[in-house]
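Have a look at these structures, which come just after this line.
Common to both upcoming complexes is chain A, partnered first by chain B, then by chain C.
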Partner chain A sequence: MYLKISRENLRKWLTELKKGAEVLVPEKVNGLWTYTPFQGQDPLPNFLNSRIPPKSVFFPSMQALVEWKSSGGSVQLRSLTPAAGPKVLFGLRPCDARGLRILEPVFSQDNQDIFYGQNLSRTLLLGVACRRPCPGSFCEQMGIDPQAAKDFDLSFREITQGFIVKVITEKGGKLTGGGVFFTEAAAKEWEEARSEIKNKNETLSFDLEKVKTRVGERFTDEEFWMRVSLKCLNCGICTYLCPTCHCFDICDLQIPGQGIRFRCFDSCAFPGFTKMAVHNPREEKWRRYRQRVSHKFNFFPQNFQNVACVGCGRCVVHCPVNLDLRQVLLAISG
Partner chain B sequence: MAEARAEVRKEDLVNLVQDLFSEGRVDYFLGYQPGTVKFKTTPLIIKKGEDIQKLAVDDYGHYNLTFYLKEIKGRVGILVKGCDSRSLLSLLREGQIKREDLYIVGLPCPGQIDPKKIAAALSCEPEDLEQIFRRGREMIAKVGGQEKTVSLTQALLEKCLACRYPKPLVFDTLLSGEYTAPISPMKRPEDDLRPKPAAEKWAFWSAQFERCIRCYACRNICPACFCPRCLVEENMPQWISPLPSKGDNFLFHLMRLMHVTGTCVSCGECERVCPMEIPLMKLNEKMNDDLKELFAFMAGVDLEKALPFRTYHQEDPDDFIK
Partner chain C sequence: MNEQVQEKNIYHPHLMEIIKVIPETGDTKTFHIKFQDQTLAKSFSFLAGQFAEYSVFGEGEATFCISSSPTRLTHLEFSVKKVGRVTSALHQLNEGDLIGFRGPYGNHFPLDKLRGQNLLFVGGGIGLAPLRSLIHNVVDTREDYRQITILYGARTPQDLCFRYDLEAWVKNPTLTMVPTVDAGDKNWKGKVGLVPMVLEELKPSPVETVAITCGPPIMIRYTLKALDKLGFTPPQVWTTLEMKMKCGLGKCGRCNIGPLYVCKDGPVFSLEEIRNFISDEF
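The block that comes next holds the complex of A and B.
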């Protein structure tokens, strides 16, 4: 089913939704784009993508899991539960929505993580097609259509007068209500609303299938990993800004008599990530860089069938030394 | 229109570095090559004389390459702008590097371009900038197919506007070119936070540090952060929790600030790489101003002056210990 909505009605509709749900929209705060509670502003300004991927809405950098209190020799444990109530995320990009789906089996396959699962199931994903490529992005090479995604509940495409909307899921359809804000549209209008993304970077094109088969063969080529990781800083930007990186640490905050156990982001780029009592298997930088690339393009596909990269380009443009993953993938595939 | 500055000739640099390797004077050379995204340069670490032809110098060589000296040991050739050379002096003074291990190549710098500042001056996003180029002593940015002129003050990195050391203070050779500041050095605009009451400053920094994601890019890119073991990674005892909470973030940044004061040369790299756009230089500049005022000290400008936090005199005041 296809619908149509004007920019003004979109604003009114989101205002209406806000009465019963938490509504997040893109906004620039302190110089960077993020998703913040909707306050009636233009819901889609000149926005490319958020600096921190929306995975943080579902898998935050700090998540309280358990709290305890002790008194008189006894300890009371209390499991903490994820927040409830409907949530609407508007302005999501196809790459990031794919990232959320890629992470689903990580948090549900063997053990059910109630936090990720419930956060995702209570949130409606309202995605918007991209009109311009993000710098450093290579989403199409990762098999993502920047103009559409089946991972959304509702998929929006901008046109001059507003948006054409494709209803993807039933709960998405329900959200559009009874024709107050939306009018019906034809499939043809949806097709016509597709915009061409220009300025593709051809010189850094790689063959993903070759990457997937060759990254494993490259594993033992130590000289290769040393060469490609030479300028790496060992900072956590590429992992913390990645929509699919999900490594975490567990740590406690405690004062006498009580404490809280948290899950917080951790990064395989840090030397301490694999440090154990007597040995660190990834002491050297090249081993850590190899791990990151191999995890995304070799181990993750073995475990979950998907490559753990959506080509959003965040790691490319925000790397402090411009260590470009595309170049490394090109070198692997070549 | 004023005349453009002479550009560094690539072949001068390439020939020089080729000679350094063929004469066996260096094992590594640290320089730049063009980056893979618009308006970005990337460090080029040359090993065994490979890739010398890739060396290039452009307007986005923001890097202070001296931070690589924490990791790359041995005989190293390094390309430095005047400002970067202060880090070398500071590290020499601190005993972190040896002069005889280095071959220092000075680079004439016309000021490095900051696309974020240009975008702000033109009220657009950095991604909207299609092209940036110099025309004489002006800067032209192309947005939506239209050429727009911005002044050097609007286009260059903040540190370039206050450039007082356009010529390296320590070097083995200088590439030919003009070793003058891009504009006559301006006094840094007074930080509007400083006169404010402590509560307001506390609120400001609380909000800033709340955003910190603890990626440690600020620490890792900092030439002055040379401790082989950092307090944040110590866990027996654990001084700072890895939780990116406001309190622990605050502690991390203030600890780092105290540690680099006296070694920090205001290269601004910590602020440039911060993915959360935290204005870290406000703090560094405050500390550097205090050092100037209290100890008449400036890091990285000479090899003689006593280091404020490494020097002890019996008569030093201790009335702050209660």
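The block that comes next holds the complex of A and C.
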């Protein structure tokens, strides 16, 4: 089913949705794009993608898990639960929606992590097709179509007058209900709204299938990993900005009489990540870089079928020393 | 989307009370703990080799094996060497203090593969803790096993853990207990020598025998070599691996050895499995 909505009606519709749900849209805060509560603005002017991926809406950089009150030797523990109630995330990109789905089995398999699971299941994903390539991105090489996404509930394509919308899920369809803001559209209009992305980066193209086979074979090639990781600073920005990195730490915070236990992002780039009492199996930098690349392109697919990379390009653009993952993947496949 | 989300916080610890603290060595203590909640105490079960996340509120969580036996469920025991923040905080605690407990997690020793076999335990230092759980277990069901030999070593006599157990095992006529130290003192009457060397001297027969080892990484490495020399094949040798963990549930991503999670797929592995690991990172 296809629908059409004008820019003006989109604003009205989101305003209407806000009455019954938490509505997040892209907004520039301190010069950086992020997802913030909708305030009636025209969404998406010049929006490419958010600096921090929307994984942080579902798996925040800091999440309290339990809290306690203590007095005179006794402890009262209280289990925290994720916030409830419907939530709408508008404007997210196909790559990031794929990232959210890739992370789903990590948190839901075997032992259900309610924090990620409930946050995702209460949220409707309203995605918007890309019109321009993001710097450093290689989404198409990772098998992601920046013009469509099966991972959304509603998929939007921008046209001059507004948007053509493809209804992907029943829940998404219900959200558009009433016919007040939307009018019906034809499949042809959806096809015509597909915009060709110009100025794509073709120079650093690698064969993903080859990468997947060769990354395992390369594992024991120490010299290779030393060479490709040489300039890495272990700053961890690639892991913090990655839509599929999910490693976390669990820590306590306490003031007299009360405290919380929370989880927070952690990074395999840090030497302390695997440091134990007696030894550290990934003391050397090349081992840590090898772990990151192997986890994404070898171990993760073995455990969860998907490669843990969506080609969003954040790690490429924001690496302070220009360690370009595309070049590393090209070298692996070569 | 997954609509069937369980209403259960997997990171929620249970409160347990410390009922006894036993100093083992200068830097290691064993804690006896019991559930505050009687219903939980009754329903709780685990298998030898499993571990848990223990916490001091305000200091954080740390991973230790359960060192008591599933056949002795009146309380749980775990042993801690003082090395970092959480372990130092644990060492400050006394009887009556409360700690957090999540578990049991991980796989366990393969009792089905051990029954009817001779058992050879090779332990070093605090590495006796997970073996001790299994040793008590097989001692309590002694008729299921044939000869049981325990080789245990530490740096000096003062570094031997669980001395009360060692004494009981020496006196137990159905066990062969061989204690050794790297360097003895004037009162030491046992063997002097590194565990792998004493193992080679002992020459245990590999026939219908399963070897289970745990200790510092360097001891495990040379013990595996010694066992190979003695004719033990990889499926006959079992060990438990240590990796830094946080969640214990396969989520937090740090205990990976290649595609395996030590917390979910381990911590107990056969040498056969370890040989096939893609990675040497353990």
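Couple of notes before you dig in:
The rule we apply is simple: the second predicted complex is superposed on the first by the 333 of 334 C-alpha atoms of A that agree within 3 Å, B and C clash if a C-alpha of one lies under 4 Å from a C-alpha of the other, contacts with A are read in each partner's own complex, and residues count from 1 in each chain.
Here, a contact is a pair of C-beta atoms (placed from the backbone, for glycine too) under 8 Å apart; a residue touches a chain by one contact, two chains touch by 3 or more.
Remember, it's a predicted structure, so these values are computed and weren't measured experimentally.
On the shared subunit chain A, the superposed partners chain B and chain C are arranged side by side without overlap. Residue contacts after overlaying the shared chain place A:282 against chain C, while chain B stays out of touching range. When both complexes are overlaid on chain A, the residue A:132 reaches chain B alone and has no touch with chain C.
Number of chain A residues touched is higher for C, counting chain B against chain C. Once the two complexes are overlaid on the shared chain, A:151 sits clear of chain B and of chain C alike. Residue contacts after overlaying the shared chain place A:27 against neither chain B nor chain C. The vertex angle at chain A, taken between the C-alpha centres of chain B and chain C once both structures are aligned on chain A, is 90 degrees to the nearest 10.
With both structures placed on the common chain, the touch criterion links A:266 to chain B and to chain C.
Shared-chain residue A:249: touches chain B and chain C both. Contacts of A:96 after superposition: neither chain B nor chain C is touched. Between chain B and chain C in the chain A overlay, the least Cα distance found is 5 Å. Common to the chain B-facing and chain C-facing surfaces of chain A are residues 249, 251, 253, 266. The touching residues of chain B, counted against chain A in their complex, run 35-38, 40-43, 45, 47, 63, 68, 124-125, 127-128, 207-208, 211, 213-217, 220-221, 233, 241-245, 269, 272-273, 275-277. Residues 65-66, 68, 70, 73-75, 77, 79-81, 104, 106-114, 117-118, 120-121, 169, 171, 216, 219, 246-254, 259, 261, 263, 266, 268, 273-279, 281-282, 287, 291, 294-295, 298-299, 302-303 of chain A are the ones that touch chain C when the two sit in their complex.
Touching chain B in their complex are the following residues of chain A: 30-32, 46, 48, 51-52, 61-62, 132, 134-136, 201, 204, 230-231, 233-237, 240-241, 249, 251, 253, 262, 264-267, 270-272, 316-318, 320-324, 326-327. Chain C contributes residues 1-3, 5-13, 15, 55, 57-61, 81, 83-84, 87, 96-98, 100, 216-217, 242-244, 246-247, 249-254, 256-259, 264, 278-279, 281-282 to its touches with chain A in the complex.
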